[in-house]
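Two complexes are shown next, each including subunit A; its partner changes from subunit B in the first to subunit C in the second.
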Partner chain A sequence: MGSPGLLRLRGVVKRFGSFTAVRDIDLDIVEGEFFTIVGPSGSGKSTLIRLLVGMDEVTEGEIWLRDKRIDKTPANLRPTCMVFQSLALFPHMTVGQNIEFPLKLRKEPQDKRRARAEELLDLLRLPRSYYDKRISQCSGGERQRVALARALAFDPEILFFDEPLSALDYRLRKTLEKELKDLHARTGKTFVYITHSLEEAMVMSDRIAIMKEGRFEQIAVADEIYSAPVSRFVAEFMGEVNLFPLSAGADGRIASDALSVRPGMRLSQLTPGSGGLLMVRPEYVRLAGDADGFDFSLKGIVHGEYALGSRIQYEIETVNGMVTVEKLREDRLTATEGQTLVLGFNAENTHFIGEAA
Partner chain B sequence: MNRLDGRLGFLSALPLVLVLLLSFLAPMAVVALFSVMPQKVFSIANMPDFSAYSLFFSQGYYKSLLWSLGMALTATIILLLICWPLAYAMAKVFGRFGLVLTVAVVMSLFVSENIRLFGWVLTLMKGGLIEGHLRAWTGLSFESPLYDVPIIIFGLVYVYLPFMLFPLAQGIAMVPDDTRQAAYDLGASRSQVLWQIEVPLAAPGIVVGSLLTFVLAAGALAESKILGGQAVIAIADDIETAFTFGQNWPLGSALSMILIVIIGGLALFGVSKVDLDAIMGRKR
Partner chain C sequence: MPTSRSTRIVLYVYGVLVIAFLYIPLVSVGFASVSKARYLTFPIKRYSTKWYGEALGSSTVSELLTTSMTVAVLVTVISVVVAFFGALAFARYHWRFRTTFQKLILLPIFFPQTVLGLALLMWFNSLGIIPTWKTAVVAHLVWIAPIATLIVAIRAYSFDPALEEAARDMGAGTFTILREITLPLLMPGLVSAGLFAFLLSWGNFPLSLFTTGADSTLPEWLYAKMVSGYSPLVPTLGVMSVVGSFVLIIAAFAVARLLRANKETSAVQD
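The block that comes next holds the complex of A and B.
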């Protein structure tokens, strides 16, 4: 295998009895990247990470780390380590003892251990006085940092994360997401992160993999996944989206039940005689008095208005069902509920998802 | 408001406190009083007389105490060793079968301890269930293991197994699976996980189980009487004899006081070291 990947999965399958949790996964994780696996619960992402860490054994397939095959290596002999969802800190040890745990197992001398622990406390912006604190005296965010420090003390080739931020409140989560990204940049380690939160994935990751029913639907950088999803599932999973069925006649002319299409309009991905879904994100839908100047347009009645903080979301009832539109607060609509409007958007802001997907 | 709550709490606890004082502390006070009474006197108002305590040393009762404590300690250690894997399986592996095991173990408590011990005598004695069958079928014979110290310890282990097993299983159930896996993931071997994670985190269960079995075994007398045939005398046996055949209440009371102080001190020390609230599930 001449692949440059630090961690390589080839045909990895995990079955529990008759249930297949992970189906034939191939994956290459590049050294130093922040790779996030996103999926709804039950998508197999937790099972996959347990296979990668070594807490479960693969049913079929191979896992390679650099030039060593590791799928039969137990977790305690793998040079990787994981930050647990529960953090799994040792409650009977102090912060310092927790951080030094992997070093103590390697029989490093005490002064070296202590020095390293203090370095890590500095790195994670915890005061050095925390060395002697009990875990129960630490707040949620501090525990998070202690768990990270402990994992970094292990000095893993790859650091895995199993939704460690999911139990925290919104503000703290936002802060820690940025800190984690920053920590990734400063340590240069390879991070593999799993989460069910699109936002978390978008903020931190270099690349994102969308997982569904034990398979990857799409692996790409965040922007691409957002603007060019390969399937309806990915499009809907990655935030609010509007989808319109389209088809093309034998002559390439676009036909749609819901949309009025600008005459002569063509979509390059839409081959004659095929069909699919046209995707447009809520922030690209314009609201106007008439259809002039839009590639695609339709009529709708304002149904509801929801404040999202910096943005306002509108639900607009159309023949295609509810269409979601978002405006910045400063561009707030003057329209009121029940008013009829024209919704329009242009081809360059859309993405076409072919029939098969 | 808080002060009112506090006072009401105290008042509502008062009846039970009185019952406890009367039923636990009062008998102990009486025993303490008896222990400093001169012999063959039946009035309360005497000068304190510690001659009963001196008998403890001069007449060799300290040997009984040492035997009792020694056998209790041995039984406790053996119980810890055999109950750990069983308790571990009950807490983490067996699932529903654990309930079956619990019921089976608890059922044995429904039969009187003496009857169960006599059952063992019939099983183990010369010409009994095992040796008798063996001799009838093969002509081979062996000496009965009865009436010796090891069989007494066996009896203690057998009788007090539930008192170690259940607290231990409770203690092991308190060890989060995640911490075990995390330690393993950080490079710990199985034995390192056991000694550095599981034992410290299950400590409340270990302490409670050990205390229960040790305290009960140190005060036990049926095992040494029935299985041991009084090969060695347990301190509880001495105490009973002093009160009954001996009609020497000061001696019986003095021996009781010595046992109470030793075991009470040990229990208080043990309980002060562990978080009882944690094992009762009041925390976390």
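The block that comes next holds the complex of A and C.
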């Protein structure tokens, strides 16, 4: 993504008294991308989005939108718009009045407003008869669409989302995630989304930023975050993971308390005399009778079996603690609880996280 | 839960007794007002509407009603305005002395009104202000404005602060937010605060007694006449006052219903 940033943050800091919620953030958001900030609660992501929208003021640093510095511009004068977690639909107005609200503020004539509202109802696949409905008569999914329509009516340079799907049930959330991605493609707008759900981020985003304690741990495309996390935090945040401590002697030979390593194995990132964590996702761990043909292996006792729908998850007790293994349903193990097995995996399916991280 | 026959009977009897306890005194005032006799005796021997005619023709009565009405209307208007901004400060904005403000503003409600009235009278005297119906307006406000604020604050607490933020985010300035979002959302609270303010002022006796000076409101006059110089004009005016309040409440409900109906029809047309 070589194009210049539409939204640029330089050294952004936000403090509340002695508490620092956002620490020195630099970020470039590219025009037209779907950028998601993921983090646990308290990571500072909500504070950050409030700074971006203009509802809070930065303590230090600069925010630039194209060639204009906007960090001192109040929310009502910024050409951006946010879909709130609570959606913030005005209960005393109809669906149509809600959608037209930003247009009414711009004093657009009634007939133009109505035409635009109807266009947006079509875009969001809501029947035009909803124009005169009250918000209280709409279901959760419909409200979501109305909130989106209203934000799009504003025609923002960037559309921000503050966890708008978090209150919905699983199935509706899944549907709306795909619809949002689709809407992003159709409108060509820049979307900046925050969520605590990695799954949500993975489905929709072009790029993901993982936030922890007011800082970005990693910014990368979804695949890279999943397969090559820079730290234990990111690895564990991105779903089930197995981590094994490793170190390399002065001669580059790999030593591990838990793993048997194939003789002559080398890891390029593991420089002589250093150490770190070897990461392997549960779907890459094989279960076998012996260690033949694996780069790394260890013994374990089957502890439990859990059905996850299309996949089956196994918890296997080893000297490294519980190791998680996943199989497709059709590859279900014949092994039973208490049985001893060999777990093996190969270097190409692993990722090494250096000591410092 | 199914109720047995005996339980039902007990419930009915209880209900009727409670209603009787509440309303018999009011009804008897109604009867007294239509008695032809000078003094109240039961059973009433001859009925007459003479005192109503007298009340409507009397200049004292019209003066009383004017004073009471002026005080009540002023108290209502000022209370609603104060309550609107007070409730916003109370419930919407976070500022340093907010919790102190919340407690202090409610304190006058807990003062016995006679104590409050006396305190205000002493205060007016020490300032050299001669008490009239205008000082009564101030006195009523001290007690009623906090109640009105509380009523509006309950409403203000119940709506999502994100609504105002969303409006701002879409380009609305402070005044537009107030007009388009805050005011319409607080309207039901403002209407009930106004109703309460009017009724509490209209029927208030202890504060008026201390602070109206030479002027007199309806409740004060009723009391004065009960103490000396009873005439059936007392229950007559009492009934007229109650009826007036009822008419106001019914009118308010009718307006509210009309507004809602209007909204609903505009919502289903198309």
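Everything below uses one rule, namely that the second predicted complex is superposed on the first by the 354 of 357 C-alpha atoms of A that agree within 3 Å, B and C clash if a C-alpha of one lies under 4 Å from a C-alpha of the other, contacts with A are read in each partner's own complex, and residues count from 1 in each chain.
Throughout what follows, a residue touches a chain if its C-beta (ideal position, glycine included) is under 8 Å from a C-beta of that chain, and two chains touch if they have at least 3 such contacts.
On a predicted model such as this, the values are computed, not experimentally measured, just so you know.
Colleague: Looking at the superposed three-chain arrangement on subunit A, would you call subunit B and subunit C a clash or a fit?
Modeller: clash
Colleague: As a test of reading the superposition: which chain, subunit B or subunit C, is in touch with more residues of subunit A?
Modeller: Residues of subunit A touched, subunit B against subunit C: more for C.
Colleague: Touch test for A:258: subunit B only (first), subunit C only (second), both, or neither?
Modeller: In the superposition, A:258 contacts neither subunit B nor subunit C.
Colleague: Once chain A of both complexes is superposed, is A:131 in touch with subunit B (first), subunit C (second), both, or neither?
Modeller: In the superposed model, A:131 contacts subunit C only, not subunit B.
Colleague: Would you sort A:53 into first (subunit B), second (subunit C), both or neither based on which partner it touches?
Modeller: both
Colleague: After the superposition on A, what does A:94 contact: first (subunit B), second (subunit C), both or neither?
Modeller: Once the two structures are laid over each other on A, A:94 reaches subunit C alone.
Colleague: A:82 in the overlay: touching subunit B, subunit C, both, or neither? Say first, second, both or neither.
Modeller: It touches subunit B and subunit C both.
Colleague: Does any part of subunit A touch subunit B in one structure and subunit C in the other, and if so which residues?
Modeller: Overlap of subunit B and subunit C footprints on subunit A: residues 53-55, 74-77, 81-82, 84, 86, 88, 90-92, 101-102, 105-106, 150, 154.
Colleague: If you look only at subunit B, which of its residues touch subunit A in the complex?
Modeller: 176, 178-179, 181-189, 192, 196-197, 200-201, 203
Colleague: Which residues of subunit C touch subunit A in their complex?
Modeller: Interface residues on the subunit C side: 159-160, 162-163, 165-173, 176, 180-181, 184-185, 266-270.
Colleague: Can you tell me which positions in subunit A touch subunit C when the two form their complex?
Modeller: Counting only subunit A, the residues touching subunit C are 53-55, 74-77, 80-82, 84-86, 88, 90-92, 94, 101-102, 105-106, 129, 131-134, 150, 154.
Colleague: Across the complex, what residues on subunit A touch subunit B?
Modeller: Against subunit B, subunit A makes touches at 53-55, 74-77, 81-82, 84, 86, 88-92, 101-102, 105-106, 150-151, 154.
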